[in-house]
Amino acid sequence: MMLEANIDDMNPEIYGYVMEKAFKLGALDVFMTPIIMKKNRPGIKLSVLCEQEKQEELEKLVLTETTTLGLRKYEVDRTILKRQSVKLKTKYGVVSMKLGYMGGKPVKLAPEFEECREIAEGFGIPIPQVYEDLVYAAKKYFEAIQEK
Amino acid sequence: MMLEANIDDMNPEIYGYVMEKAFKLGALDVFMTPIIMKKNRPGIKLSVLCEQEKQEELEKLVLTETTTLGLRKYEVDRTILKRQSVKLKTKYGVVSMKLGYMGGKPVKLAPEFEECREIAEGFGIPIPQVYEDLVYAAKKYFEAIQEK
Amino acid sequence: MMLEANIDDMNPEIYGYVMEKAFKLGALDVFMTPIIMKKNRPGIKLSVLCEQEKQEELEKLVLTETTTLGLRKYEVDRTILKRQSVKLKTKYGVVSMKLGYMGGKPVKLAPEFEECREIAEGFGIPIPQVYEDLVYAAKKYFEAIQEK
Amino acid sequence: MMLEANIDDMNPEIYGYVMEKAFKLGALDVFMTPIIMKKNRPGIKLSVLCEQEKQEELEKLVLTETTTLGLRKYEVDRTILKRQSVKLKTKYGVVSMKLGYMGGKPVKLAPEFEECREIAEGFGIPIPQVYEDLVYAAKKYFEAIQEK
Amino acid sequence: MMLEANIDDMNPEIYGYVMEKAFKLGALDVFMTPIIMKKNRPGIKLSVLCEQEKQEELEKLVLTETTTLGLRKYEVDRTILKRQSVKLKTKYGVVSMKLGYMGGKPVKLAPEFEECREIAEGFGIPIPQVYEDLVYAAKKYFEAIQEK
Amino acid sequence: MMLEANIDDMNPEIYGYVMEKAFKLGALDVFMTPIIMKKNRPGIKLSVLCEQEKQEELEKLVLTETTTLGLRKYEVDRTILKRQSVKLKTKYGVVSMKLGYMGGKPVKLAPEFEECREIAEGFGIPIPQVYEDLVYAAKKYFEAIQEK
């Protein structure tokens, strides 16, 4: 389900908190879109994607933790690549990567960003360089598993 | 129903007029989202939310009063808190508030913004202060009715 | 002068009121830009363009009528086409047009939007058609004055 | 069908390429919406509108040519004005116009933008003027066919 | 100084990290604006506001930790309300508030958002309610100090 | 110089053309920012960055090729990494890379996107993979030249 609420009367400091709470309750995704509402009001469309069994709880969250008096919702289907988390040995140590499969074949491999961040901080290296290094490590591993 | 049209060839001065007309025809909500369309065109997604019985008239409005040659639409459900308008005596006189109920219990109370604006103009007081004063009056009333 | 304040803790209903007040105090332009601030806060950059002699009053407005605790400012120069308002006889009656000159020559002529709106409402004609009709009337007049 | 993917980990240079490819594969529309995702990430919602028979191919495109590991989708209906391309003789030569019908009656006529662009470049005339000239030519032709 | 870089070729996951680092190095403010760049690229303008003595270090940060090959910068003046942090006793315990003065007089008082968040989590109360409660406590204290 | 115009009355199809023309005339950068103007108008701030000797010509372009009746401008300084274009042999053939130096040392190397696009099209390979392959080739070359 996709739940959406247009909000034009809430202190924006609150959004970060609501997003976190929605993720904790099991939302699949939470995001905000800047919109323009009546009377020159710069509003936010808050979107919460979830499985049907989480819908009730997440609706309640949106209606309780924001100022909105209502929300709308519609069903969406999803196409999700089969995913796997793999551990890879890199020059920075063992790092987690997310691996995506399409039609049984591995097609994507990307570093977990939070680990890039930790490495950048720990080693004092610019983060784009860390990211590239891990993409490179991923790439080599990826080519190996694709060949199989 | 949610009606949506991506518009990339219209003088933006026209949107305010179209929004007003849509509200007059009974739209539940009307809003605009900045989008990026092909060929570097900064477009606008115009969204009109309405009951099914208003759909035909509002489709006609969008197709007549904007430059678009088509629109898309999909059904949405809504969860709406039961609302009530209450009059509250405040230090600025009697003011309207919107009150929202969840599960039969009052859970939200907020001042009508247009009345904040009139008070701010009439009394010559900064609007954030007026708003806070009314939230405060609402809060006290709200606590009283919650206790019952 | 350009005055700018990043605001992430204000009820968005308030912006329309502040914009109007700024224009009344003599601002040359007032606009809002959606921005992304720290901690996932969807903020608004409020921009007020004004002559230097209005700066003090407009700074005070921003600091009083919004929640911000500060603003920044920098000088901007402007290149403005010489403008004139001309009255034109059209099939809808006499209409105001804004005329722009570059290097002494008329180069632009456009209808005043508020009059388009009134005509559309009064005559019950779609606004894009009214706008086009007025652009057409403007165009004919414009060609005549350019030839002189 | 509307296909949507929220993307927060892709080099933005890639979007233009993906859009073009999607149009080539038969997408009815492709557009991007700036969104705000978790952890202060400025993401992009990529939207691809298509007929059901193109869905599978376009899903594959999005999953292959972007970094996303999934997408969501929902059915949308469309109301499309009957369209026709007409050739019009103008002072710049013969130009294509798109004509829209509502209820059997012609209601809209607009120049094809790419031809405006070519004329502006070829004749060395400001493009707003070319556009207005073509709107004017369209308008005259349009009034003629409406009277019939 | 205001430092600005338009970035169209960086993984958006990186921005949150760069913002944090910029704040740690002493930036006064850091924010992102969605922009549209050539070739249909949805870019981000990264803005870093800082005192002149921090400029060099922050320039280096932007040039090192992002993919940009350059940045632009201009001087801005600032008007900042004199601020004070005050501790207030509320029904949730002692809470920090930020107090702003204009012309020697207290004109603004707002709760520190992070403490609202902690209270909401700790007490299990909806955050808009906590926020309102603290605004209310602030308001009462504020009226008391204004009267003096 | 930074030239800026807020535009709220122009057909958005025109922007792509104006951007291209501005780049041809020597603009250093051209970009658009979605803004919210008075009367609920979703406008665009058009920004043109240029050297002072190009300013007059680019001002004229903005005033001629858009509907604006004025623009504002302010000086900006720039910090630009020394850049070099290098040719690299990759498995897809010889490819151009942009190389950036800070303090005499090479610090950045990135593929020219247009060549990624050509390779993706020519070889029929997903563009993220091409991009990664070229980043990898760049990275190896880069490490070699850094070691010197």
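Which chain is which? They are A, B, C, D, E and F, in the order written, and residues in each are numbered from 1.
Note that contacts are C-beta pairs under 8 Å (C-beta built on N, C-alpha and C of every residue); 3 or more make two chains touch, one makes a residue touch a chain.
Keep in mind that what you see is a predicted model, and the values were worked out from it rather than measured.
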Which chains are in contact with both subunit A and subunit F?
B, C, D, E
If every chain is reduced to the average of its C-alpha atoms, which one ends up farthest from subunit A?
C
If you average the CA coordinates per chain, which chain's centre is most distant from that of subunit F?
B
Distance between the centres, which are taken as Cα means, of subunit D and subunit C, whole angstrom:
28
Centroid of subunit D to centroid of subunit E, CA atoms only: how many Å?
39
What residues in subunit C touch two or more of the other chains?
9-11, 13, 19, 32-34, 36-40, 42-43, 64, 67, 74, 113
Report the residues of subunit E in contact with subunit A in the complex, numbered from low to high.
10-11, 13-14, 17-18, 34, 64-67, 113, 116-117, 120, 126-128, 131
Quick one: which bits of subunit C touch subunit E in the complex? Just the residue numbers, please.
4, 6, 9, 33-38, 43, 45, 59-60, 63-64, 67, 69-74
Subunit B contacts subunit E in the complex at 36, 38-40, 42, 132-133, 135-136, 139
Can you list the residues on subunit C that touch subunit A in the complex?
8-13, 15-16, 19, 32, 34, 37, 39-44
So, in the complex, the side of subunit D touching subunit B is made of residues 2, 19, 23, 29-34, 49, 74-81, 83, 98, 100, 102, 107-108, 110, 113
